[in-house]
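This structure is in structure tokens; I'll ask about it shortly.
All chains are identified by letter, namely A, B, C and D, in their written order; residue positions are counted from 1 within each chain.
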């Protein structure tokens, strides 16, 4: 038996609903239909009255989650696509994110955001918004790259007393499988060395982890060992693990699927440059999507974002520096 | 005679209206009342029918500006505070920013955002959103720090065929004065060395420029000369001028008023680390606001964001490294 | 002094049980007291503002006390209330301590917002009093969510009230939330104070329907209209609307007409307010209207009103004096952490300690 | 073949001048042709989708052709039109080249979106045909802005139409834009296709008013109801609404009732659609209803309809064949620049060239 990343997300929600009466799910088509991606499949049937279809009102969806959280509930919100969280942006960054700091009343909501590109997704069904949300004080931003993390981090997201932006990657939904659900887990806030190496560190997260690992395997054939760090959560961002890896390798390539100005890769490089400057044997590098909207046609899309090839090229280039 | 930063913004709009029949202004209370900060004072009277009060509908305000731009107009939108652009966020990043790339039809709109902190502003009237918008392909983000730039860059913003996010700083509105309006101007996209120095480079923009200059003057008394670079626009970001300055000084401190995760300072440090790595004699440093919402009480607020004191401390620290 | 007030006012115990509503004069007088308290408080805040003791904006509720007090009185402990910028009277009637207002305006470290947020941005979420964020319309769906939580927890007979201005009705948030309340059939009472202006913007630049209460039908909500200058009408309409919501009637949309009798904030001289509106019935001061009524009906005489004003003024002065003696927040002792999960916070010290090259 | 169609259909020149409206049968037949063309096109797109030739989602307008065609026909060149996901018929009636649809679905480099955007996200802004972004409700205010621009430029007699679904009415964007149009008294025709579902969500989880047209009064817009399964009703209602807007009557809100006769997209089997709805009058296929009407009235005989279908099919097949032969965009020749002001672009090459340490 094996379980996909998507099934893990579904199972985590089932467990959260089963274990904690304060949990409910609210989002468009999450009810009987089981969600646009089937992440809530059969949950409405298994947990009657606790999985509610919402109108197309992202602002009110998030607002209601906040109100319910104030009253002690632990809502899970599903955005149909991360891209559609923008009409709910104001409630997330100004209401949910500031509540605890202003009032001492925590805001334990989890907002699931199906993120990232799929061939044919186009400009409005492919976006990665993690960097956007991480900019705001008061939010936690998780970006699981594995089936195990999808499961355990979602459970932790629901358990955490603060608003969590849970960026789950659509490409991993079906493509990523694990033999079983994990029984234990790394805590949120810790990055993982997904592949050990000595010559160069690639820091990445979410779907790009797998592209980076593929590039690393290829380069290993050429005799060079790349260490790959999976950030897991980008806020908090585990600078220690990143810097420790750079201390081992002396070289840093940071890879993300989001737009190139700012965001995760800039933040990681800024931290390493600041805190681990003396450890670098070559200039740190980064690789992001291009600075245009995300194209529809797969031929365009596949060059727009980084992939194993372009990561490999960037890594080889950096290894030669 | 002297002219304030705010008057310069008013004059630029008056000139844009006078010179170009395609220009109109749309925003809450911008009409007869002249705007919450009086940036459109008397413009409705001087240009009848071309300065329109809008309902409290930021989404529709931006949407309408885009529609008018498609038809060849050049709208200037005033957000009452930058903080209130969030309900219009979706139209800005998904509609205005993508239009040209998707259709070849340019979207010449200017969105004026009264930005940044004032004592007593609190969490929702003090925000700096420049980093948020700069993340998105298709937007230009200007952050003028001087009266002259407020004037000339706003005129250029209106003339540019792309959507411009014009972050004008509320603290500078009344505090900053120049003898007269400028007669010529640096082009957008070029940073300026606001103060020459040899020992350390501070890269900053908007209100923080003046805090940085004050810190530099103080440190000059101690015999060390700080070069201060005013970015002027943060997208495009003039990496060349920044790197050239770091080449002279070997030390970089980057200062911004926004939240610390990501944003302008991370982007600048990432660029310098990547493109000017060998030029650095010490780790690059950054100074931002704290990672909490912006506090109301002036005593809290004045430590929340960087100021001449904390910039001075950071610079001295870096000079000793 | 008490003798000069209508005897009904003396019976104070739980006067709002629906089974036995208190006699009308007592209710009226009680509401009047909240209105007066709010007005005197506003005057004090304005004077503190003029004295430079308040940082940032100063926003008053002058002219809106009847509507606001009537709403606050129709609510009960256990209800949810999201007041807005001009709801001083409703807050007091709902039970907000007087000190909360002064402390928040002054930024006292002992206030509910501890100097972190200010002026009208205050509340006590765990008491059902939600602290507004500035973005208009944004509180309504939060009330909905609180009501959904009550329903999940099988708590019945609860009402949630949210306030908004004529300008706030133009926000997408208003629409999404009212529709959401209707779909969920929530006991939401949404109170629109149509005070004819949103900052300087007159209603003709804000909406084009005949009356904002015409919006109700489009949501499946029940419309109510109130004369916001007349306390009796406000009491009647708000108690009806709240009772209907409480009884399971779904969302209620109350639109009250009145005039803002001050600037948008104290920095604004409101020169743009139409003189004709000021002279019209809309321009009446609800406090004065209520006073005249009290006197006319013999529910109080002028001496009693004067005494009441003195009593209320003493309360306000005492609160202001207390709050002014209180410490400001100390930035160096401040806990700079936006997260409740402290172990997950990121530390951004400046400058970040470095490993020198 | 043409002989078997009603003679009125033969006069093709400018049949929509308001001074001399064409006789009804001609209009009906003309609309029918657009409906049929849209349906055949949809079928072709669905089959290309099944053949794996379309990347991403495939969205059809089945069941909505009457409404959409009627709107497209009521508009004129020079008007503004922001169609939505299921408006293939209206697009064609408004003059969108057939090729635009196929090219955009296939991502052809020669299509109006050049492979950058896909499927229903297409348009020609300079011809008044606005390319939708995905965010529902977001196009309405863009139409408003275009109409404001026309007004600034003293262009009169222009109408702007925007389409939205029952689900889209719950967005804040819908509300803000309709209100904006009313305040500005714009000639906006806002057409709501209430097809009973938003993806899988039935209307009872979307709104709680009796009829969505009840929303109009709350904005000061004129309400219109249409039977979306009946072309005649659609033609009548849409031409009235558009004419009223054109004549200066301000925003018009048209709500048409019908049933989505397909899944949300082709990936969706729509098993959740209520069988009772399918069997009800709402579940009728507007194309079939129109066909029956044509035959019943003798405006066409079945041979003529067959011939028309063949003609239309040839058109669609030709377009599909053309588009399929066309090149995909070449990523290495692509101009990766989101700005029109090329000199302001930032170059983010990967990896960024470096000065080695």
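As a convention for this text, a contact is a pair of C-beta atoms (placed from the backbone, for glycine too) under 8 Å apart; a residue touches a chain by one contact, two chains touch by 3 or more.
Bear in mind that the values here come from a model prediction, so they are computed numbers and not experimental data.
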Chain labels contacting subunit C and also subunit D: A, B
Taking each chain's C-alpha mean as its centre, the one farthest from subunit A: C
Rounded Å distance between subunit A and subunit D, as computed from the means of their C-alpha atoms: 36
Distance from subunit B to subunit A - Cα centre to Cα centre, in angstrom: 30
Chain centre separation in whole Å, for subunit D relative to subunit B (CA means): 40
Residue numbers of subunit A (touch at least two other chains): 54-55, 57, 59, 83, 86-87, 90, 94, 97-98, 101-102, 123-124, 137-138, 235, 237, 261, 274-275, 277-278, 280, 282-283, 285-286, 290-293
For subunit C, residues contacting two or more additional chains: 113, 116-117, 121, 133-135, 170-173, 176, 179, 183, 205-207, 337-338, 345-346, 352, 354-357
In the complex with subunit C, residue positions of subunit A that touch it: 24, 50, 54-55, 57-73, 75, 87, 90-91, 94-95, 97-103, 105-107, 137-138, 140, 160-162, 188-189, 235-237, 271, 274-279
Subunit A to subunit D touching residues, read off their complex: 28-29, 31-33, 36, 53-57, 59, 83-84, 86-87, 118-125, 253, 260-261, 280-283, 285-288, 290-293, 295-300, 302-304, 306, 310, 313-314, 317-318, 321
Of subunit C, residues touching subunit A in the complex: 80, 112-113, 116-117, 121, 123-126, 130-131, 133-135, 138-150, 152-153, 172-173, 176-177, 179-180, 183, 337-341, 343-346, 352-357
Subunit D residues touching subunit A - in the complex, by the definition given at the top: 54-57, 107, 113, 115-119, 121, 133-137, 167-168, 170-173, 198-201, 205-207, 272, 328-332, 334, 336-338, 345-346, 348, 350-352, 354-357
Residues of subunit C that touch subunit D when the two form their complex: 170-176, 179, 182-183, 185, 204-210, 212, 214-220, 250
